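Common to both upcoming complexes is subunit A, partnered first by subunit B, then by subunit C.
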Partner chain A sequence: MSSITLQKLAHAYNPDTRRDADFALKEVNHTWEDGRAYALLGPSGCGKTTLLNIMSGLLQPTRGRILFGEKDVTAMSTAQRNIAQVFQFPVVYDTMTVGQNLAFPLRNRGMEASYITERVQRVAQMIGLERHLDQKASSLTADLKQKISLGRGVVRNDVNAILFDEPLTVIDPHMKWELRTQLKSLHREFGHTMIYVTHDQTEALTFAEKVVVMHDGLIVQIGTPQELFEAPAHVFVGYFIGSPGMNFMPVSVEGSRGEINGYTIGLESDYGNPVGRVVLGIRPEFVRLTKGAGLPVTINQIRDVGRQKFVNATLFDTEINIAVNAGVQIEADMTNIVFDPAMISIFCDDWRIEGSPLQKLTEGVA
Partner chain B sequence: MDKPVNQRAWILVLPVVILVAFSSIIPMMTVVNYSFQDSFGGNEFFWVGLEWYRELLQSERLWDALGRQLLFSSVILLIEIPLGILVALCMPKKGWTASLCLVLMALPLLIPYNVVGTIWQVFARSDIGLLGRGMSDLGVSYNYAQNAFDAWVTVVAMDVWHWTSLVALLSYAGLRSIPNAYYQAAQIDQASRWSVFRYIELPKMRGVLIIAVLLRFMDSFMIYTEPFVLTGGGPGNATTFLSIDLVKMALGQFDLGPAAAFSLMYFLVILLISYVFYTVMITTDKADAKP
Partner chain C sequence: MSPPKRCWPRWTPVLADRRRRQEKACYRCPAFYCSCHDGGIRAKLAKLTTGEILEISRFKEQIMSLRLEGVSKSLDGETHIYPVDLELQKGSMNVLLGPTSAGKTSVMRLMAGLDKPDAGAVFWNNQDVTRRRVQDRDIAMVYQQFVNYPSMSVYDNIASPLKLQKKPRAEIDDRVQEIAELLQLAPILDRKPNEISGGQQQRCAIARALVKDVGLVLMDEPLANLDYKLREELRSEIPKLFAASGSIFVYATTEPEEALLLGGNTATLWEGRVTQFGPSMDVYRRPVDEITARVYSDPPMNFLPVRKAGNLVTFPNGQTAQAGDELALLPDREYRAGFRAHHIEVGGRPADKLAFEAQLVITELTGSETYIHLEAAGERWIGLIPGTQTFEVGQQLHIGLDTANLFYFDHDGQRVGLPRAETGRVSA
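Coming up: the complex of A and B.
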């Protein structure tokens, strides 16, 4: 096992690569550290599967290199790379039994029969397929078939990484949770590097230690679920993570002072004088309804989802969402909002900008 | 729960009953009728009971024709199915070459049977045909009109030429419906080309191959026009298959009774063999599906 480094990796499906838009995958530089569990999150068509197939060697990148540890594997075949991949739809060899399915990758590599039997037994035990070893693979349900796909991956003990391409798409909802839990325990036990592609944020956030968010062929942010939530690096991350997503509103910023339609908002950092399209982003969870203080809003709708209430309101011309805890009463004269200043993000031309901390404030706090 | 009963609903089935009666049942019953009678000129018929059946079952002529027929069907199945799969595997997967291939493959299927017979009859003639003349110029002795083996080779070659593309097209459709992930998974599992064929492509093509085998078996078992045009059943009786024999009996000798008995037995044999084929394949399918 080793880390996987992507250097200036880019891929275009058409031979014509003059424009940036021709690339399904724009330049990617990233290192997947050994033994960690990553989620690769993004909407359909953002290049997730392309990136995955390049790593497993099913696709040759148009540009760039892939290193396993220090070794350049760009030109190596899939089999030589020792990558396991689980696909969206369960792939099993219909005519074989479950046991034969699991043994298949080992038999193809010319392993000894005794080793194969032992290894198959072990893997079957690991993923809970012991009882089914002698059954025809085609007779099993989708979730068990998906386990076979996974088992064929981990049955090799020299696997560098396991790649999952939206593996729970065709699994019944009540089995999803169980499979995901099993994946996590598998990861804890054996420490394979796991990269899990999904467009479902709950899946990504519960599975991974680090989430890689892709948008339009680019990696826009890599971080822990908390980082993604609190400090999105790109407007897209703010919008895509969280439900409902981040609120955005145009703002003019000067130093540590923001201004929305004549109302001043105090910021906790000094952003200087950003040039470009500047927007303020704040999560619904960090907006508070008040009586009289703050920005005036018109409330359109309140949705009660049990643990929380979501208030949909209009702030000048922008629609915003406010999350209110179930215990809090919403009164008729609560027509203003204030933002939690620590949780305000400022974006310039879609990308997050970091301000320098305010000298006075830090001294005061200290 | 009571189901509503309305006997007038039968009227809705009536049109199809009439249609099937006139197109199949009545003609078939006429044949059944003939098979139990002897006919003389002037429309005179006598009841003979099972006489024709007994006579036919004892005649070497029928058994020989049946033997030739079974041999022919087995030979062309053994050639056309593997060859069709091979062709399908070699066909391009997309682009204009794929379309071109599909059109070219469909061409033999569009040619009327007697034209196919005529094409090969001319093609194989030893005086002017490209094949026949070419063979004799190369010093290979070949004459389908006189040599029984040559006649067989020609008839088989003609059928293979005519029908392999059907098998290929069916297999091609089966192959194209296999999701790409299967090939990718096989690549990751380091499967050889043969394993990919054996464990992915062949099982996935199973459904279309059952249809291909059934179609080709039934069609070849009833083959008439092409060998009739090419060899006329000769030399001697070498390529006299069941249907050629039947026509000889019914129209050549005008033995209506024996011919009717013959066609009924012919029909039953086809029905029986197709049924056995089908059942065997469906049961193995089910056995596979069961845990």
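Coming up: the complex of A and C.
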């Protein structure tokens, strides 16, 4: 096992690489630390599969190098790189039993029989398949087959990394809870470097210690789930993480004072005089409905999902979402909103700007 | 006698239907306000030509209600769908909620007439259509996979059902533009399906299903193959589309939250049986049995064994609570209590709550919330708590549980007690 370093890595599918836009994967410099759990999150077409294929050796990058530990593996084949991969759909040998399927990667490398038995037993127990070991794989449901794929991914303890390509897409919601926890336990137990590619924010955030968010061939932020949620580095992260995503509205900022349509918003930092397209971002969870204080809104729709209600409202010309906890009543005279001042983000030309802290905290909304 | 061309501006069943409801209908032609037929409604049916009568009877036959009576289906001697009774009304959104292979697609195929039931019958407006061919039924279907004609433009894809019906060009154009506007496809009408994104491809498939204004629209997990964010976007649009069309919508999904967001009615399915059917919120809050409660909970519902004696319920930790009216009348024995993940509270020990010592198995952060997987009272629980909380795996936690949030189930899984908040609620 070793860390994986990407040095000035970039890839273009066509030979013409004069413009930035020609690159499906723009320049990446990143180190995947040994033994950590990562998620690579982004919509389809953002370049995450390109990056995955470059790491597994299925694709040669146009530029840059990949190092496993200190060793340059850019020119090495997939087999030489010693990587395990789990795909979206279960890949199992139907004619073999579950046990034989799990043992396959070990047997291929000529491991000792006693070691194989012990290891297969252990993995099967971790993923709850020990009762099925002697069963033919063909008789199992898709869920169980995908469990075999996961098990086969972790059965070798000498791989450099395990890459998961949307492994839970075809799994039922209830089963996802179980598989996700098992995957986390497997990571704790065996300590492999795991890189989990997905477009599903819930899967990414719940699985990973660090999430890498990609947009348009570019890594826009690398952070813990909390950082992505509370301090998105780019408007795309604000929009993509969270359901519904972050609310954005144009604002003019001067120092620690924001102004939206004549209403003053107190900010908790001093942003100076940002030049460019300045936008205020606030998550639905940090907007509160009030009876008269703050900005005026018109409520369009209330959707109840049991533990929460989602209110859709119009604030001047902008549509915004508000999350209301189940216990809170929404009354007819709740016509205004206030923002939690600590949770306001300011973006300039799509990127987050950090203000300098104020001497004295000001009130939320004047 | 055929009506003059100029009073057929936009002959679509939706308009015709709207007209009929307003009772200003011109029954001789489908124009909204007809000046050619002297107000129309006074025109006697007897004066009409056969063609006109057929045209009228066609739109009269638009489904107002769809009823399944004891419909069942077996495959290779194995029962696939147990007898299903369902009645769906015109203009209603109906969600079929259940895990994979619960029978959602099978029920839809029976509704559509793609499969014939072994027993029971399907009625449209009280008329038995069980033996009618699928082509002769007034339906459209959207599948999980995006089904479009790859060689045709988006425009031609959407127009294709109308062309098959041999509608006039101008009418097709009106209708396609209208539906494209609704589904945000207007700017890309001249592109081919492989030149647009997955979300747009599925929009195109949905547009094709809605363009012919059928009485019954069946959508089989239409968003399952889409990216998370696209799903969110399209999901908020579907209720709008549905409201605009006035058809009966049937929508299959595996996700409880999706069912709640779509609103309308929910039928929960489990292993080929419809376990409950009613307004979505009602089924969510008042499941009739344990299976329905499980199907309608994500994260999964948590359970704990309880013992009931007289009008007291004893919990595994020794604490007791008053049994509700329903439960108090039942025999003294073991029951199971169930509660949803967001009702678990961590820390503190308010006197009026059930207190459990739990061991933390694993935590999952979503940014705004934290899922905690616990071992408590010999059971595995999942809790959902607000904010980002950091715990050590293996740590002991004090868990609080309000008895007001508990469901009770008997050994057959029948619900025998509701959370206190629900007992006063009038079933919709």
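Just so it is clear, the second predicted complex is superposed on the first by the 292 of 366 C-alpha atoms of A that agree within 3 Å, B and C clash if a C-alpha of one lies under 4 Å from a C-alpha of the other, contacts with A are read in each partner's own complex, and residues count from 1 in each chain.
The criterion applied here is as follows: a contact is a pair of C-beta atoms (placed from the backbone, for glycine too) under 8 Å apart; a residue touches a chain by one contact, two chains touch by 3 or more.
Just so it is clear, the model here is predicted, and its values are computed rather than measured.
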| item | value |
| --- | --- |
| Partner chain(s) touched by A:Pro225 [first = subunit B, second = subunit C, both, neither] | second |
| Partner contacting more residues of subunit A (subunit B vs subunit C) | C |
| Touched partner set for A:Gly47, first subunit B, second subunit C, both or neither | neither |
| Partner chain(s) touched by A:Ala142 [first = subunit B, second = subunit C, both, neither] | second |
| First (subunit B), second (subunit C), both or neither touched by A:Gln88 | first |
| Touching partner for A:Pro167 - first (subunit B), second (subunit C), both, neither | neither |
| On subunit A, positions contacted by subunit B and by subunit C | none |
| Parts of subunit A lying in touch with subunit C, wherever the complex brings them together | 43-45, 141-143, 172-175, 177, 180-181, 184-185, 188, 199-202, 205-207, 224-226, 228-230, 239-245, 283, 285, 303-307, 325-326 |
| Residues of subunit A defined as touching subunit B within the complex | 53, 56-58, 77-79, 83-85, 87-89, 91, 93-96, 104-105, 108-109, 135-136, 138-139, 149, 152-153 |
| List of subunit B residues in touch with subunit A within their complex | 179, 181-182, 184-185, 187-192, 195, 199-200, 203-204, 288-291 |
| Contacting residues of subunit C [partner subunit A, same complex] | 99-101, 197-198, 227-230, 232, 254-257, 260-261, 263, 281, 284-285, 294, 298-300, 340, 342, 361-362, 364-368, 371, 373, 382, 384, 386, 388, 393 |
